[in-house]
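Labels run A, B, C and D following the written order; every chain starts at residue 1.
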Amino acid sequence: MTLEFEQLDRNLVVKLKGELDHHSAEIVREKIDRSIDRGGIKNLIFDCSKMDFMDSSGLGVMMGRFKKLKSMGGQVVISGINPNIDRVFKLSGIYKIISKYENLEKAIEKLGEGK
Amino acid sequence: MTLEFEQLDRNLVVKLKGELDHHSAEIVREKIDRSIDRGGIKNLIFDCSKMDFMDSSGLGVMMGRFKKLKSMGGQVVISGINPNIDRVFKLSGIYKIISKYENLEKAIEKLGEGK
Amino acid sequence: MITNKMRLEIDAKSENESFARTVVAAFVARLDPTLEELNDVKTAVSEAVTNAIIHGYNEMKGTVYISCLIDKNTVLIQIEDHGIGIEDIGKAMEPLYTSKPDLERSGMGFTVMEAFMDSINVTSNIGKGTLITMKKTFDSIHNRVD
Amino acid sequence: MITNKMRLEIDAKSENESFARTVVAAFVARLDPTLEELNDVKTAVSEAVTNAIIHGYNEMKGTVYISCLIDKNTVLIQIEDHGIGIEDIGKAMEPLYTSKPDLERSGMGFTVMEAFMDSINVTSNIGKGTLITMKKTFDSIHNRVD
């Protein structure tokens, strides 16, 4: 799994590339939290358009970031999910707390500048 | 492994695609011999430009076809070999009896019409 | 090929999770599954192997045993650890239940296995280990030509 | 990751030859070998597994055991069968020697293993089986970033 970060206003876009499992989850979590802790970020967008595989360990990472940002008044959204990964998300009921958008542009449009 | 056959005058071009090992060798041998036994063929060209992998079982197939066609007055040549497979061929000394050409066009040019 | 089987033993290390699902996918590929079916199997295997590593062996030294049996267009997959075992299997299998929320586990592993495979069976002995048996039949075999 | 190991058992069937080399390649991939190094390992594994199937078990029922041990940037691969064994290992390892010319074997299997791996060791017992031990150190590890 490789990660790409981009900060747009107060939104942090994290592009996940490759396979997100328990092994990669530890690194992903650590890198994201380091970015958040640097400050200036309100919302997090997981861009999953280049993510080929995800198991329930990925759910844990996303829920963990949701909790962290919620306590700071922000939110987490997901974009670009392929059908296989969508099934894992649906099973978990995560969409009740984390919104899903077709693509990154729509997610950003919805979040605005994150003020 | 998939095979493509093309007859050009009295030359049979066999394009090998994929991996040639002991498992696929049995099918390759059988299909080629069936073509030869139908008659009208003098020479055989193995076009290896789409062959990704070959072990010593592949050498056996090629030497076997060489023997068969030699007894009928024809020859076997090879074209389009990648460096990894070339090393297997070189180890065996097979180039003493089976000529190698850079590509199919050169092999055909050399063999002529196979009269 | 009517039946075929394999057995794999790997160190209980997180870097082997992707190796484990790749191996099972490569073994099952001969049944010519759809990409979705293949993903289902990979995901279920990933869940079970991850559980063996984090829960069974508490991320300590251990071996995970994976076996696959292909019978016509059905695959039977077993994932076993000789770790701590599960006390209450019923509770463990409840959606969202996890004994390790501190590790940010979602508690969805068993739910994913159940949803992605046709059947799953869990047997476990405290201090002895856990055996997960999963089965899946591929539809796509009917479309095969060779 | 300093060391890591796996062990694979497969049915002695020719359709498992490509599976066997794929698994070893997937295991070794973490050492970030060059494509040439990876091909060397695949070819050597293919030779040894094929020999176990055709010579060790005479294309009858049997199990082939493959184990890999990664230690830093070196991989140790063992391929074992419980088949007929080799009477004269010296002769068997001669280039072009084959006991099965009728099957169009080239007699180059051992020569390929020797050329493509850094070292090879063969032990065998008549009626008990054969164990091939091969080693290869990858240079490319020095170029790794992570």
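To be clear about the criterion, a residue touches a chain if its C-beta (ideal position, glycine included) is under 8 Å from a C-beta of that chain, and two chains touch if they have at least 3 such contacts.
Keep in mind the model is a prediction, meaning the values are calculated, not measured.
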Statement: In contact with chain B and chain D alike are the chains none
Query: Whole-Å distance, chain A centre to chain D centre, using C-alpha means?
result: 43
- request: Using mean C-alpha positions as chain centres, tell me how far chain A is from chain C in Å, no decimals.
  value: 26
Statement: chain A to chain B, mean C-alpha position gap in Å, rounds to 53
Message: Touching at least two other chains at once: which residues of chain C meet that condition?
response: 15
Statement: Contacts with two or more other chains occur in chain B at residues none
Query: Who touches whom among the chains?
result: A-C, B-D, C-D
Query: In their complex, what parts of chain B are in touch with chain D?
result: 19, 21-23, 25-26, 29, 53, 55-57, 59-61, 63-64, 83-84, 87-88, 91-92
Query: For the complex, which residues does chain D have touching chain B?
result: 14-15, 17-18, 35-36, 39-40, 42-43, 46-47, 50, 53-54, 95-96, 103-109, 111-112, 115-116
Residues on chain C engaged by chain D in the complex (per definition of touch): 1, 4-11, 13, 15-16, 19, 22-23, 26-27, 30
